[in-house]
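Heads up, the next two complexes both have chain A, just with different partners, chain B and then chain C.
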Partner chain A sequence: MTLQSIVQILASGLLMGLIYALIAVGLSLIFGLMDVVNFAHGEFLMLAMYASFGLVALTALDPIVLMPVIAAVLFTVGALAYVGVVRLAMRARANLGMVQIFATFGLAIVIRGVSQLLFTPDYRNVPNVWLGGRTIPVGGIYLPVPQLAGGLVSILAFLGLWLLITRTDFGKALEATREDAGAVALVGIDKNRVFTIGWGLGAALVGIAGAILSIFYYIHPDVGLPFALIAYVTVALGGFGSVFGALAAGLLVGLVEAMTATILPPSLKSIGIYGLYLLVVFVRPRGLFGSL
Partner chain B sequence: MLLEVRDVTTAYQGLVAISNISLDVAEGEIVAVAGANGAGKSTLLKTIAGSERARSGTVRFDGSQIEGEPGHRITAAGIAYVPENRRLFPRLAVRDNLRLGSYLFRGKADREEPLERVFGLFPRLKERLPQRAETLSGGEQQMLAIARALMTRPRLLMLDEPSQGIAPKLVDEIFDAVVSIRQSGTTVLIVEQRLSECLAISDRGYVLQTGRIVIQGSAQEILDHTDVRKAYLGV
Partner chain C sequence: MATGLAIPQSGKDAASAFDRKRRLKLLTGLAVAAAVACLPLVVTDVYAQNIIILTLLYAALSQSWNILGGYCGQISLGHALYFGTGAYATTILYTKFGVLPWFGMIVGGVVAAAIALALGYQLFRLAGHYFSIATIVIAEAGLVLVNNWDWAGAATGIQWPFVPDSWAVLQFNPRNKLPYIYIALAFASITWLTTFSIETSRWGYWWRAVKDNADAAESLGVMIFKSKMAAAAISAFFTAIGGAFFAAFVQYIDPESVMNFQLSLLMALPAVLGGIGTLWGPAVGAAILIPLTQVTRSYLGGSGQGIDLIVYGLLVMVVALAKPEGLSSLFTSRKAPRA
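For the complex of A and B:
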């Protein structure tokens, strides 16, 4: 194997890893905020991809341009999922953990079922995108433009999230609610508002990822499942609730997947990821950056 | 009256914790609520603060009815509550805990002014600003909890057993701080087990026994009351 092809594999692995990180971070954010695993996370991604598909058909603009709109649509989806489902599930008097799991799992099934009904199970793709199918040569290797743009967007999204958490009042409210949701009322913070915005934010982040993914990936009602699975692995790897653990773990997952794909047949490319996951679960169950 | 509690009954899972409590706090007073463990003192404060819901009765603050309102609205209305276990944000810095106290205010002056006030009361907090709240001693944590409450610029400060789990030297410091807090215009409602120390700084007091008010009056009257020890020990 030449040096060039090794660099090529590493580069495409890292780019895909940035997208995996962006998919996973919303999941981690929501978990960190309220200890709820959103089992409908993959369905949020799927909705984002259909939102992209529909908006492109409607406006004839590019998914890259429509990204803020798609993020806003998903913010609404996330906020509604909290207000309409999760908030009610959290009132359960017994077996709270189980009730939450089944509530978001049920939400996932409903979203998938309704999508099958409305969008049909046909595979679709967003036509005529600016960035679709292009590559650019960088120092002797070729990088796919959609993934490159996706990687850049992911870095910007993480930067934005970091600024939000560290520099704003809402970021402090988010951190305080993570620490002790029952105590924020003492300083006048409405925890339900923080939870609603937190769910919106988590969904908006996966919305951005969905917009990117719609450029180079086919769209169908089950498209979220494999990505959600990778997102759960990423979040467990990075440490549940750790936002920047999700970034590091996403990159690692992308790299491992790219390397596995060169060694093993492409259909077995996910084995590396799950092998890594098993290793972490055995050796360091709280994840790389987890504090559980 | 700044605070008027009328015939309030609160129950946990069917068990009545306080029943038909009526209590007043006038602007500028320090009012003490004493009683043995389990007498319902904490439940009373929780009910006023909105973290427990009254089954019946009314709570008025500055003339408006507040019972049934969520806790964050009650904080915004001007009641700051320091619960028994303080409920600081343990892994956040002292600075951030304080900063969160002024979350409701947007103006710079509204945030800086109470900060100067709490540094005046508890100078040692100023040295601890970058430290995580969980690294403070029990006494310092209590100071931080009171300071965070003052950052909300309350008209009424409610303290639940501020002396609990604190070195004796710091207890005096905290009681001294309560006196200065009142001097600077904030009314105080304080729940304590340390009867004499607490009444020494209070204007009036109430003694609770198994969820009911059994004695009330000026601080001196309560100290002189022969039944106090009995009520206090819960026999």
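For the complex of A and C:
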């Protein structure tokens, strides 16, 4: 294997890794905020991809331009999911953990069913995207433009999230609620509002990822499942609740997947990720950056 | 004043009341099994009988899941791994080595229990969601590996040979569902009886203690790790038996049909619906969920419309939210536990 092809593999792995990190960070954010794993996360991604498909058909604009709209749509979806389902699940008096798991699982199944009903199970793709199918030669290697743009958007989104958490009042409220959801009421923070916005934010982040994915990936009602699985692995690897952990783990997952795909047949490419995850979790049960 | 106080029951009275309650439970179980055994006399339609078989199978599978997930509180979302182990062990032993499925079934169960112990050794150090997600990932890794295992048919799967009706190899004419109904009923009864007898044994109390408050339990001398391992092994053993039965019943297996993630979910859901960690929960849940999903699928699910998924998802969501103790709590007079 030449040096060039190694660099090529690393580069495409890192680019995909940035997108995986963006998919995973919303999940991690929500978990950090309220200890709930959203098992409908993959379905949020799928909805974002359909939103992109639909909006492109409606406006004839490009997914890159429509990204803020798609993020807004998903923000609404996330906030509604909290208000309509998760808020109620948090009130359960028996089997709390189990109720949260199966309430979001039920939601996921309903969303998938509704999508099949409305959009049919056919595979679709967004036609005539500006960035689709292009590559840029950089120092002897070729980088696919959609992934490159996706990586860039992901970095910007992480930067924005970091600024939001560290520099704004909402960020402080978020941190405070994550520390102690009961005590924040004493200082006038409405915890339900923080949770609602937190879910909206988490979904908006996966919405951005969905807009990017719709440029180079086919869209169908079950498309969320494999990505959700990667997101769970990424979040568990980085440590639930850790934003930086999601970024680092996403990059690692992208790299390992790209390397596995060159060594093993394509149908085995996810084995590398699963192996890495198990190795890490067995040594550090709360992931690389999770607090113990 | 003194007359207003309840007289404390003597130990002997309490014990006999306890025995009476147990005997009543056992009799109820017998009555239900007898009623189900008579069902095929009334229900002769092959499609309906098929639903009975699946309902019994899922009642048994969910009962097995319930031992680890319900009683011991370790929410596994990767039981498809054990189901697949049973299905593949039986099928491979039968089609490649001519070993009777009855033996293959036991081999599959033992192998699955061994896998559960080996995995549990690592997994039980993980808490809460970390545990559930690890079980998903491991089952998914298993699915990927079997999908690439050429000797075991890889993604194409393995077909059972066509043979005349035979109890020895568990093969019957596709229109003759009776033998399968009785095997499935026996399987469901065995898992029910296992749960019934363990419920009040030391293991049963230990499991519930681990579920409710592991730290407190440990301080009282409950061996947490051992409890979880025992629950995992028993649970995996029976789940694999279910996989073996399923393989013989459908006569063709491939990784997607016996190791898919949806299967793991389907094994947990009846228990969730009926009442997690209860003796009757899985059976009640299966009796509602399986006929409902089968019927909606065949009447509303054609051409991939997704209405069956909507009904099914709504049911899961509504029960999880509205009745977290499960539907079987409707039948018991026990007061709701105070929060």
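By our rule, the second predicted complex is superposed on the first by the 291 of 292 C-alpha atoms of A that agree within 3 Å, B and C clash if a C-alpha of one lies under 4 Å from a C-alpha of the other, contacts with A are read in each partner's own complex, and residues count from 1 in each chain.
The criterion applied here is as follows: contacts are C-beta pairs under 8 Å (C-beta built on N, C-alpha and C of every residue); 3 or more make two chains touch, one makes a residue touch a chain.
Small disclaimer: the values here were computed from a predicted structure and weren't measured.
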Putting chain B and chain C onto chain A via the overlay, clash or fit? fit
Could you read off the angle at the CA centre of chain A, spanning the centres of chain B and chain C, to the nearest 10°? 90
Taking the superposition as given, does A:Ala231 touch the first partner, chain B, the second, chain C, both, or neither? neither
In the superposed arrangement, which partner chain does A:Leu29 touch: chain B (first), chain C (second), both, or neither? neither
Considering only the touch criterion stated at the top, classify A:Ala149 as touching first (chain B), second (chain C), both, or neither. neither
Identify the partner contact of A:Val56: answer first if only chain B is touched, second if only chain C is, both if each is, neither if none is. neither
Is A:Leu268 touching the first partner chain B, the second partner chain C, both, or neither of them? second
In the superposed arrangement, does chain B or chain C reach more residues of chain A? C
Should A:Leu161 be classified as contacting the first partner (chain B), the second (chain C), both, or neither? neither
First, second, both or neither for A:Val243, with chain B first and chain C second: neither
I'd like to know which partner A:Ile215 touches here: chain B for first, chain C for second, both or neither. neither
Taking the superposition as given, tell me the minimum C-alpha spacing from chain B to chain C, whole angstrom. 7
Give me the intersection of chain A's contacts with chain B and its contacts with chain C, in residue numbers. none
Across the complex, what residues on chain A touch chain B? 169, 172-173, 175-176, 179-180, 182-191
Contact residues on chain B for chain A in the complex? 49-51, 70-72, 74-76, 80-83, 87-92, 96, 99-101, 103-104, 148-149, 151-152
Chain C residues touching chain A - in the complex, by the definition given at the top: 75, 77, 122, 125-130, 132-134, 136-138, 140-141, 144-145, 147-148, 155, 261, 265, 268-269, 272, 276-277, 304-318, 320-321, 324-325, 336-337, 339
Quick one: which bits of chain A touch chain C in the complex? Just the residue numbers, please. 31, 35, 37, 85, 88-89, 92-99, 101-103, 105-117, 120-121, 221, 225, 229, 232-233, 236, 240, 265, 267-268, 270-271, 274-275, 277-278, 281-282, 285-287
